[in-house]
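Here subunit A shows up in two complexes: once beside subunit B, once beside subunit C.
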Partner chain A sequence: MPPIAPRSGDAIFASTERVNAELFTLTYGAVVRQLLTDLEEVDEVNKQLDQMGYNIGIRLIDEFLAKSNVSRCVDFKETAEVIAKVGLKMFLGVTASVTNWDAEGTTCSLVLEDNPLVDFVELPDTCQGLYYCNILSGVIRGSLEMVSMKTEVTWIRDMLRGDDAFELQVKLLKQVPEVYPYKDDE
Partner chain B sequence: MIGVGKIKQYSNVLDKPVSKGKQEVSLMDNIAELERRLEDAGYTVGARVLELLCHREKGNRRETRLLGILSFVHSTVWKVLFGKVADSLEKGTEHEDEYMISERELLVNRFISIPKDMGTFNCGAFVAGIVRGVLDSAGFPAVVTAHFVPIEGLLRPRTTILIKFAEEVLRREARLG
Partner chain C sequence: MGREVSESCVDNLLIEMVSSYCDRFYANKPELAARRIEAIGYQVGHQLSERYTMERPRFSDHLEAIKFICKDFWSEIFKKQIDNLKTNHRGTFVLQDNQFRWLMHMSIDPSSDGSGLSHDASGALVDNKAAQAASMRLYFPCGIIRGALTNLGIPCAVSADISNLPACSFVVRIKV
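Our next item is the complex of A and B:
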């Protein structure tokens, strides 16, 4: 019998090594500022953050699977719950709630009340188009892609833009069947 | 046929207008440049850390003396950022204006292995930048660099953050007595 998947990441979060959230926040801020100086265009920065997140995600999923004891999710609903309750808790120390399911069960929203990335952050007038936390959407997209799910992740609400919470919409585009890199007769 | 669909087509390289030669390529493979950028990123973190910690831990006061600010970096800053006091704080033996903070296993160097062709590159440049940001914002301008120092009997070298204060800092310190 496979081990029972934990319903919360609290225990894993408590047992893994952590780093001061302020160092993390300020460092992330330094990265975003550097990107803004280098790329100048806010849209380009959004794209770059997403790409960086993607690159993190495709590696982070290994760490997640190794430490979390989560077995295969039966459907996308379970996947979303695991991200919200285990994944986010494990790496970011916060949890999200999953809401706004559509009828087909392929689109949902992750709502974050608390987000350590944005402590001390205010968007200046010139950067209103910036999705400051775009790295998160990239991470989720990247890690889901490594477990055969093509997704589209977009920000619906952003506290830095005056909303009351952070809302990430995760839309399942398709499940990619696993392709093995080798054939039997080779 | 391949390439037929293109709008602009030059049959010969000589038919092309010659470029102005102003195009530039990134020099990010330059190690010093990479370290400088890491340091700059750290600097902005350091400036904010100083402000935050002075407000939170010291009731909006900050150190004005050399040794005071050094031990503030070595203990308070380190403790908040990395969860522990730095392994050691020493004064340079050869130069009066040099101080060193050493760390056996610096957070940013933990999972890093430097490719051979990158020579002396040290990710600790980021932490050096943080230290410089703290010192500079507190009124102690300094040049801060990170170095690997091999230790006998240990597999991995430790990281030493070398702080070289500006002349004016030492002059002021001497005047204060």
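Our next item is the complex of A and C:
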């Protein structure tokens, strides 16, 4: 049987169960607001949003692999393109562009012009320092870790802080060889 | 049609929000976790009902507002209406969704509930972890309904009953 061809992000998004984005956006906003109330420190909120994203990412990768038919990427460049054009599209309905590669091909930026997480959002002055979309960087970090890539994901530009786009820098720290939880002879 | 996202975005956000509050922030204080989850739902319901009623005249009575929740409001969120509405005509309404989406992906084994305990989201005894997780998750839609109705000028208390899975009933008690 020939291998199944990978599907485009548009095709997957079109065939997936979708919901009204307002519900998602407002729910995320309410979660952030509640965390700010309960945890008080903005840094702690950033940390928890990242952790929530990470926990989501390690589950979401299965759905991504199952729906996209994407097999092993040849290099990190292909991985970044797949996240930008397939991963983001099939879940959030938007794509990113991949830019700012370093010479080694291990660091790049995902640039989002459109981001459903921030519709209707304006940050008050008291939230300086908040990385509102930190859940997203956690999701990317978590899902990549499940396919053996340790990464560091940081926000470079943020429209809620007055920048002209959202820019996430993804840095490949190391590629972990796959470790099986059991030995063949057990 | 407005903007959409994949359903799993909402599902995963809810799962993670509930587990963050129940297992991390308030691991030993389920009542506090429940209150926070309900409060998040309340905010969402309040904002959504504000948006969905902008263009319409005020509701003439409680029943009209409840019907709006059962039809238009529920359809916006779940792409279906509430299946059954009952009332005692004294301020209590029971809204039943026969296939409640937010419980569909959860595995709850009703047979483990041999003692006929009530799975009441308002804090009744629960006898296994899955049912407990489900009832924690239900504080969110309960909060949504309470927030939406409060925004329409109807203060109330909302609880959930999942004794007939996969159906879920939301019990709205209007405060007088």
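What we mean here is this: the second predicted complex is superposed on the first by the 178 of 186 C-alpha atoms of A that agree within 3 Å, B and C clash if a C-alpha of one lies under 4 Å from a C-alpha of the other, contacts with A are read in each partner's own complex, and residues count from 1 in each chain.
Basically, contacts are C-beta pairs under 8 Å (C-beta built on N, C-alpha and C of every residue); 3 or more make two chains touch, one makes a residue touch a chain.
Just so you know, these numbers come straight off a predicted model, no measurement behind them.
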Overlay on subunit A: subunit C relative to subunit B, clash or fit: clash
First (subunit B), second (subunit C), both or neither touched by A:22: both
First, second, both or neither for A:150, with subunit B first and subunit C second: neither
Touch count on subunit A, higher of subunit B and subunit C: C
Partner chain in contact with A:31 - subunit B first, subunit C second, else both or neither: both
Touching partner for A:174 - first (subunit B), second (subunit C), both, neither: neither
Contacts on subunit A seen with subunit B and repeated with subunit C across the two complexes: 19-20, 22-23, 26-27, 29-31, 33-34
Complex contact set, residues of subunit A against subunit C: 13, 16-24, 26-31, 33-34, 38-39, 48, 51-52, 55-56, 59-60, 63, 90-93, 116, 119, 135
Subunit A-facing residues of subunit B, complex: 37, 40-42, 44-45, 48-49, 52, 80-83, 107, 126
Contact footprint of subunit B on subunit A as seen in their complex: 19-20, 22-23, 26-27, 29-31, 33-34, 120
In the complex, subunit C residues that touch subunit A: 2-10, 12-17, 19-20, 24-25, 36, 39-41, 43-44, 47-48, 51, 76-77, 79
